[in-house]
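Listed next: structures, encoded as structure tokens.
Presented sequentially are two complexes of chain A, the first with chain B as partner and the second with chain C.
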Partner chain A sequence: MDQATKSAETLRRQIAATEEELSRLREQLAVIENEEVQNLKGLSLEEGPVTRKWPLELEEYKRYGRQMIVPNIGIQGQLRLKAASVLIVGAGGLGCPAAAYIAGAGVGTIGIVDGDVVETSNLHRQILHSTAKVGMKKVDSAISFLTSLNPNLRYIAHTEHLTPQNAREIVEKYDLVLDCTDHPTSRYLISDICVLLHKPLISASALRTDGQLIILNSPPLPAGDASGGPCYRCVFPKPPPAESVVSCGDGGILGPVVGTMGVLQALEAVKLITAGKLRAAEGEKAAEASMLLFSANSNPPFRSVRLRARRPKCFACSAEGGLTLESLSSGSLDYVLFCGVTAPVKILRPEERIEASEYEKIMEERKGKEHLLVDVREKVQFDICSIKGSINVPFSTVQGSRALAPQGEKPPWIPESLAPDAPIYFVCRLGNDSQVVARKLKESGLDKEGRYIGDIKDGLKAWKEQVDSSWPEY
Partner chain B sequence: MSTSKAPPGHFKILYFGPAENHTRKGSENLPAPLPIGKLFSTLEEKYGGIKANLLESCLITVNLEYVDLPEDENEEGIMIQEGDEVAIIPPVSSG
Partner chain C sequence: MESEETLPIVVEFTGGLEMLFSDERKHRLSVPARDSKGDAVTVGWLVDYLCEEIMKDNRKEMFVLDGHVRPGILVLINDADWELEGEASYALQPNDNILFVSTLHGG
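Entry: the complex of A and B
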């Protein structure tokens, strides 16, 4: 078994290395091919158009026939798709389905940006990656899938995260950008660089059972031109407080929900390209911008709300704005600072916290009596796995202090039989929320009779590491 | 969230995504009319902390159309009428 694991690991590493080499070769080839195309273009200008009977290859008529015969697409739409280049930032839950349909539709050049590697927890929604690709760079995994789907296209791998420093160099080569990322910092950065480089932007996001879709900077007119489409800052000028930002890892996400949003991004990309709207036409005015909201559990599930035009004082796209390519790439615009940083939670003092292994001893000695272990994860998580004897008081129910009784009184979830001096321990997934609740309870005066109130440091993560290796990590 | 209309003398308010987690409900009915400038303070009274933690970064719509909130807190701005549908739309960044 061990031997098998080892050789699998070796193979995986070899595959990853080979993939990397392959994508490097592809990029080299792409550069050379591009030069050839440029040369050809130069030649044809002098010698008249290259005489070819049909503008597409025969295989392409077969491959794209079903979409070419859709009204409004036609041969012109297909040629526009072939000539277009699209940058997909993020090869995750949004980027995977978006890339699959964009490649399927025959967009000539597709770039993908992502610095992450494939993890098992990605596979339920990131449909270009497979179990065998765990540990591989997401971009390489995605391109290998896309190449097998449609080998006729040019794929460009950017195996790094988009940063203020590399944004210009990466984005300027493309006609259209899809924001498939997962953090406010990248949302503002991508919007800003698209405004600066005059690229339309299709932005989507998803969490739990909800999604949002917005087409931004379309038409992509220069900053200060009120006829251009609004940017992300026009819609959300103020980022949400850092502590309130929930990731898919913490909040959860349904595959088909984020998949729906990614597919809608691909659809909007195809619409924009085939309608010839990658660049602003002479005298073009922004059509009314809108945001599509998807709430899987609501009725109706889709709502479209009308957005404002460009904000007259927008930092990025108004004439008064202070955004320049220099300020962006020099790093003087600090996106992390703008969006706020979450500091590690340090609410409890060291003596108010115990190690997971210490709690195990307490459990043994006290045989589950004379103390209380309160798990403050949400009920859905508690139901997946919990420490024997613990009770569940979800963090969300304590936040509004509803689960906390008035000053001096005992909260209803403390069993009658619990001695007034019996210690109470709190636990959560990582040891942040447990500190908040322990502190709140102490403030309500529940430790007045000498009762110990504290939490388990690093939460259930530490429980797995120190006590129970069979603990299911989700 | 449902399509049911607000009862007489009320408007309906929808809480999307993270807003729903804050209020623990997808929607509710609030007394109308209410000047838009008083919306945040009305919600802050019901849900302590919601203004700074959520509302200030949200997109607000009335009847599916964005509205600007008055910059001056003492200004009332447009009036939310009986039967209107207000939506609180926080930025969602994950994906």
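Entry: the complex of A and C
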């Protein structure tokens, strides 16, 4: 035991030292990368002709030639791209691929908004970031990648989240906005500010194997003008209930799925810019609005559906709407309140919950015979890792009632050998679903013979913190 | 006799809604052509029918809330927003495709 403690201590010290070394190396790398960029910029300036005969630099003809010779792009399209400015809100799974193609295409000014830092769990899909950049601001990481991809452009870092207070100042400098965020609150906010500042908006989203893409407020005519394109509120006047909103962290996401949607956003941006559609032409009317649906497992995987036009009583883009720049920036529009928040689940009483460390004791004392641990995560998660001796009854099967027996009867997953008074503990990833299931089973009368039914507080997250540091958190 | 008349339709779910319907995205259904009052069935009627007859999950509120399709779900009739087609009062026609899309927010 002493020997083990000693080796653990040595390893801990080694890890700390290596981490320190790693962060020192990262700083060095950032400095060198920055110098490279400056050098590249210098080079392209030196090589450029002093007296300009052509509208683009010579290097730009080479760089963009393959796209300039595509019909409908041409030199005019390229010059429009160079003159355009695009704001990408969110440097995640959508924003990374979108930004890469938009920078590659030569959009003159690119702004990126994000307040988050790079995490290891981002890397399978957020392709501008890399392992060495974990811990770095996403915006800085993205711009360092983009600068090495295309040093000719102007990049503007907004290393904070978009808020009602800063939205006007950030968005007004740009011609076009891409919503690459991951929550309804930001989606309504971005749509509202785009309506108020007359910016077209390309909005995409993705979850698991599905993606959605809509072009909104295009043409970006003033509120009340029925010829303008619908806004997010026209399509979704009411936000979904907070408990129906599933994040990528909870529901999962395939990299190429969200990547596909981000690439499509870049494509729509290039189309709008090169066609000269950033502003409404005289007398222009919105084409029929549509939403593109992508389902990786459907055949065919793409499907376009027709959407409604501007809603005559839309809160944001109709003449009757109550949205103004003042109401937005003063904070009188509370987007968080509008979309609702999921309150922390508090279904069980304190005495119906045990700490992870307490469960470890029970496990040792009872040797796994006289109690049952039920893991209510979905099967795909249970298969990744589970506590020894636990059984899996997925939350979805309990919700679908398939795992519940009629009132008073024993559910089929309880082993015959389990004593009627043996305690049953529930566990899940974070300690929310386990409460729901424990309560349901209590209501079905499963504890009527005096058995204890409860859950492990804070779930497997607590198990890792309190009991098993080797637990593979995913 | 008229109660035996049925309509073949296709109902599809996407954006996660399929989880409420036995994890099946596409349902080929044969629904009664007339409701209990003898009127032609509508999309509004279909929503109730799906809740009562097809949905096995007990989270009805994830599909219907306060008597309406829950906010955040788009209903498409033959690939067009149902608001373009008369919403819930649209009378179902043979071989209609009704698609329910839950909006996604991840990115």
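Convention: the second predicted complex is superposed on the first by the 422 of 474 C-alpha atoms of A that agree within 3 Å, B and C clash if a C-alpha of one lies under 4 Å from a C-alpha of the other, contacts with A are read in each partner's own complex, and residues count from 1 in each chain.
FYI, a residue touches a chain if its C-beta (ideal position, glycine included) is under 8 Å from a C-beta of that chain, and two chains touch if they have at least 3 such contacts.
The structure presented is a predicted model; accordingly, all values stated were derived computationally and were not measured.
The superposed arrangement places chain B and chain C in clashing positions on chain A. Look at A:Ala296: by the touch rule set out above, it reaches neither chain B nor chain C.
When the two complexes are overlaid on their common chain A, residue A:Leu149 makes contact with neither chain B nor chain C.
In the superposition on chain A, contact is made by A:Val246 with both chain B and chain C. Judged by the touch definition given at the top, the superposed model places A:Leu79 against neither chain B nor chain C. Across the two superposed structures, the residue set of chain A contacted by chain B and also by chain C is 90, 92-94, 180-184, 187, 204-208, 210-212, 235-236, 238-241, 244-248, 251, 253, 258, 261, 291, 293, 295, 297-298, 303-308, 396, 400.
Chain A meets chain C in the complex at residues 90, 92-95, 179-184, 187, 204-208, 210-212, 235-241, 244-248, 251, 253, 258, 261, 291, 293, 295, 297-298, 303-308, 396, 399-402. Put simply, chain C touches chain A in their complex at residues 14-16, 19, 25, 56-59, 61-62, 65, 70-74, 76, 79-81, 83-84, 99, 101-107. Remark: chain A residues 90, 92-94, 180-184, 186-187, 204-208, 210-212, 235-236, 238-241, 243-248, 251, 253, 258, 261-262, 291, 293, 295, 297-300, 303-308, 396, 400 touch chain B in the complex.
Of all the residues in chain B, the ones that touch chain A in their complex are 1-3, 16-18, 21, 24, 26, 47-48, 52-54, 56-57, 59, 61, 64-66, 68, 87, 89-95.
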